[in-house]
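First the structure, which I've put down as structure tokens, then a few questions once you've had a look.
In this document, chain identifiers A, B, C, D, E and F correspond to the written order of the chains, with residue numbering beginning at 1 in each.
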Amino acid sequence: MISMNETTRAKLRGVSTATIASALYKRGLRNQMVQGVVPLALPKDGKSMVGPAYTLRYIPAREDRNPMTVFRNHAHPQRKGVEEAPAGCVMVIDSRKDARAASAGGILVTRLMVRGVVGVVTDGGFRDSADIAGMNIASYHQRPSAPTNLTLHEAIDINVPIGCGDAPVFPGDIVVGDCDGVIIIPADMAEEIADEAVEMTVFEDYVQERVRNGAITLGLYPPTDESNLVAFAQWRKQNGR
Amino acid sequence: MISMNETTRAKLRGVSTATIASALYKRGLRNQMVQGVVPLALPKDGKSMVGPAYTLRYIPAREDRNPMTVFRNHAHPQRKGVEEAPAGCVMVIDSRKDARAASAGGILVTRLMVRGVVGVVTDGGFRDSADIAGMNIASYHQRPSAPTNLTLHEAIDINVPIGCGDAPVFPGDIVVGDCDGVIIIPADMAEEIADEAVEMTVFEDYVQERVRNGAITLGLYPPTDESNLVAFAQWRKQNGR
Amino acid sequence: MISMNETTRAKLRGVSTATIASALYKRGLRNQMVQGVVPLALPKDGKSMVGPAYTLRYIPAREDRNPMTVFRNHAHPQRKGVEEAPAGCVMVIDSRKDARAASAGGILVTRLMVRGVVGVVTDGGFRDSADIAGMNIASYHQRPSAPTNLTLHEAIDINVPIGCGDAPVFPGDIVVGDCDGVIIIPADMAEEIADEAVEMTVFEDYVQERVRNGAITLGLYPPTDESNLVAFAQWRKQNGR
Amino acid sequence: MISMNETTRAKLRGVSTATIASALYKRGLRNQMVQGVVPLALPKDGKSMVGPAYTLRYIPAREDRNPMTVFRNHAHPQRKGVEEAPAGCVMVIDSRKDARAASAGGILVTRLMVRGVVGVVTDGGFRDSADIAGMNIASYHQRPSAPTNLTLHEAIDINVPIGCGDAPVFPGDIVVGDCDGVIIIPADMAEEIADEAVEMTVFEDYVQERVRNGAITLGLYPPTDESNLVAFAQWRKQNGR
Amino acid sequence: MISMNETTRAKLRGVSTATIASALYKRGLRNQMVQGVVPLALPKDGKSMVGPAYTLRYIPAREDRNPMTVFRNHAHPQRKGVEEAPAGCVMVIDSRKDARAASAGGILVTRLMVRGVVGVVTDGGFRDSADIAGMNIASYHQRPSAPTNLTLHEAIDINVPIGCGDAPVFPGDIVVGDCDGVIIIPADMAEEIADEAVEMTVFEDYVQERVRNGAITLGLYPPTDESNLVAFAQWRKQNGR
Amino acid sequence: MISMNETTRAKLRGVSTATIASALYKRGLRNQMVQGVVPLALPKDGKSMVGPAYTLRYIPAREDRNPMTVFRNHAHPQRKGVEEAPAGCVMVIDSRKDARAASAGGILVTRLMVRGVVGVVTDGGFRDSADIAGMNIASYHQRPSAPTNLTLHEAIDINVPIGCGDAPVFPGDIVVGDCDGVIIIPADMAEEIADEAVEMTVFEDYVQERVRNGAITLGLYPPTDESNLVAFAQWRKQNGR
């Protein structure tokens, strides 16, 4: 089942991929960032995109297997995936980092949006990018790409482990996205990372405020100077965090 | 003669590169997209850029042949091309996908604009990119690039067949651009593709509306379910398309 | 000492990297452009970013040398550099063109801003890119990158000669940035280039105006037609330049 | 079942990948070559490597899932595959074109050899390359690579459709390799391609002999000049082919 | 006319591309090396490959223009070039650095060999590479590539200026190749470069001998120590060079 | 001091880079392989190249600083390094993975050989590659490259920490090379890694023999089946290892 704890989702929506990357780094995970993708559309409420991964795997297309008519088949994995990805999830597509043909286009992304999917990520590209940029579903890709996916990609599997932008993605892993890109949290670490990232965010907000007001970073970030920990404790109380 | 049928131009201005890519795909053409270019400026009326290709070919620059003084020669192909590309065309530049030096800059693109050229495409980069972004001529490149073209590019030919972003471009081919990028339609297919793309666009608009309103894609896109074809016929009548 | 003549700075703030690239080209310097970087934030006054280079050098990170705790060390070159880069300079970071982990993030760039540093350039990527984009300090990178620098980069030196985006950068070289990217002027050429670039800019503004008004470029750009030099002299007088 | 007709195998062992590529091209298949791989070892009898594909799929490795101890698990897909790939097959590994860590090493390739597997192909790299180069099993990779596969690759599936060097590979497809590289023949085309390739090879041998002896290629290759077809028929008879 | 002075050819056959590169560097030419190519076959007499350039230009292939039947046309530029390239020349092919399909194969290279062409260079790849490796004509490419050129390359021009491996090549330029690769000498510099390179080679041979025998390089290479020039003069006399 | 324990050297000469990579992997070091280099010459005794690293750092060349005459300066870092690198060391050159110009050539590598340096590694390329291939000093590079280093590289530092092929290299780190490439062992781990690698090699030799003779790998590699450990103990005794 591709789903997630809503409390964890709420926590993660308030933290950045940079903070999560640091929390994962402390646990020895260095390759969870989806490399080479940029946001086409961000969540409209200014928070991070968060949802469990529903995956789609492409392999290189063989011409005789990929005429336009394949889409008439309701079991075609791309089309099936678009109708079955559960509300609240993020569809993550393994396009082998090849953006020379599209991973999906405006109509399918609209359908995902209407069905409540919260995001769609490919290490390839989307067509109809201007339309998708305006939709109420987060989207990430390498760059726009007009050619139909059949040109280079054959949809072969849904919900198997994949690579996306050199990151490992298992169905159900938690996908988080913001301006910096997309990061994958292993499913069983999500709660722990969410809690730690929320705490880290409080401290980073405090540091950012102090630095904006002229504080030196040495001793403050990280807080090796004891007095900064005291001041931070006070700040938390004053700011109700 | 680099020119095109104005009715065909009008049709193509209303369709997307994605739709054209699919129409070409059905005819076995899979490599007509100029890969790796992004819009710097789009047509101000929100429609697609459309015009016949006028080509400029660069080869790697040899230092002794490319002092600044070469521009004093009125027969220099870059400068000659800028003065001779006919109104209504799109200048397409083969920069060998090398954006480390500029393909052209603000003054020359201004001249193209004033002369009525409707677009300029390079698989390299433009200098003075902030200026060009504000001009009333569509422009596409890989990324901004400040160094003078002489640094790496020697203009060698005008109006010969070229490659641009891995796509073949013959003078007179029809160049179409939108947010997704630039595609090349072989000259002799332009009318047929335009007609088919207009029809496809009507159907896609219908599907998009249906999907936005909650329709399932299976059976609708493509319309394997007969009832959807009936509903589409009605929709066309109602919407005068 | 990393500093620069303020008159030279004022001149360079009014010229483009494209013009500077041409002036350097005339002197045989063809590789001074930092290749592959884009602006994340430009100076708020619309002028070019200008300052002497203060450099930071990264090498690939060895895991055992780069736990999170290294930042507790006040002598860590990245942290030391952020506190010591002088006001008015541009910090230039050699990240070996590897943007898979961040070169720096929001808090450190804030500190640089508060300390009066005018710009920060990396051939890697910044994390917290949305924050940095809004700051009153110019910034250039390849693309956003959330992972902490420790993931791939070990800060090893400050103020040594480096490569950045395939350009040589010596501490004290003058760094200029605009929409087209970032260029490096050798320290001892800065005044001469500034003077020449200001003159070139006056002429280019004249040409641009003429071309916008319909002039042919041949004979005008470059001004091989004597009458254009006469007209230019008049224009300068009329426009007080 | 991963197997093949032995008559077809015998035919294909006598033809080149270049000839097969042309036969596939005539049928509209343009992407069957495994791009970017070179032979480490060729069959010792000087013929082409031929066998049905047995596939192994890697995804990017997540550090917590890939300690050295995973190899203690007899169900680990890499180890299981090495013991189960049938005699006569070619193991084809999807390493996502990433040769920074090994796809396999000397011991496992020895095991494949002993078990009668006729070849092993990866779009990554092999470790112990000097050993493997001397073995009686054909091998193809991008370049040697010493780090254990766990460093970057997690074996996730055996015998699913994969991409290898941008070519689609379905289990049971026929894999052919020679000095030029490796090509994939769709299973259901193998006999037809084998027959055609054998015929083409006879003609190419004839042409090669004629050209070596001074014949002009025009009219001979292809044989648009009728007299060349006549001469070819004689040559076949004389040479018993 | 694609030809060259035979005395110059004889001189250049005895010098290395490294020495020529240095001689060109002294004249400000830094980009004459064909980047990214390796020898498939070297001249059998151990000397450098030398000949004037006869060029062939490919653009990306459009599928409808490139069925197998195009080779029936005797005016097809690839086939025409193979029959017309003069004895003693080097055919240089602009394949846009794309080795995914062949630039030429065994039969055509055999024809070139028989016709007395001394070398063939492509920045793409050759098919039938094992055959070509054994022929008595020098050949350079990026890597072997089995697919027919029609797959990706359309031959469009013969004997026009081209780029090959990022080097500018004009018909008649002198092409020199050895183990290190291929370099292009502008036609009008060939004699001067040949003379200088011969002299440099004598000195380098002397230095190499001295260094093999234990001499320190400082003061010798370059010969800033006067005594080394004296010793060199003696060595020349003794060795008859 | 760039030196190493000779007992450790002897041990490491008998083990492969693959085995060392696994030993480092167990300690959390995943990026010690110099990526993208191949042997030009291997040690003549068939053992691995082993020595402490003596480093040379290049930055991109600025044309005005790099005329041919710079080599007249005895303090030029490349020339100084060649005369000062101690016997027994391996010179490791940071060429920023750019092989478009040489890192060094035949004369300098000869001097290193004569002086007793055991290897030279660059992530760029060597000129005079045919000569160097025959020398009694191990050498590794990306590919041959004829242009003088001045074309793109300015030697700036000796014996500072560098990156080479994406691996961190500190002066004095132990460099090991074989057919698979080059790996860097942190200086303070060298003895421990050497001991462990020797032990691993004994076991791998045992496994290899068993597998060649038909043993199944499951339970043997790794030896999860107790009986294999018993057999291995016997084998060691019998073979005196």
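To be clear about the criterion, a residue touches a chain if its C-beta (ideal position, glycine included) is under 8 Å from a C-beta of that chain, and two chains touch if they have at least 3 such contacts.
What you are looking at is a predicted structure, and each value in this text was computed from that prediction instead of being measured.
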**Whole-Å separation of chain centres (CA-atom averages), chain B against chain F** = 50
**Prompt:** Once you find the CA centre of chain C and the CA centre of chain F, what distance in Å lies between them?
**Reply:** 37
**Request:** For chain B and chain C, let me know how many angstrom lie between their CA-based centres, rounded off.
**Result:** 32
**Fill in**
Each of the following residues of chain D touches two or more other chains, namely 28, 30
**Message:** Which label fits the chain touch graph of this model best, line, ring, star, complete or other?
**Reply:** other
**Complete:** Every chain pair meeting the touch definition is listed as A-B, A-C, A-D, B-C, B-E, C-F, D-E, D-F, E-F
**Asked** What part of chain A is in contact with chain D in the complex they form?
**Response** 27-32, 59-65, 96, 98, 154, 156-157, 160-163, 166-169, 186
**Asked** For chain B, which residues are in contact with chain A within the complex?
**Response** 16-18, 20-22, 25-26, 30, 33, 35-36, 38, 178-181, 183, 204, 207-208, 211-212, 214, 216-219, 221-222, 224
**Request:** Within their complex, state which residues of chain E touch chain D.
**Result:** 68, 71-72, 74, 79, 82-83, 100, 102, 105-108, 110-111, 114, 127-131, 133, 143-148, 150-151
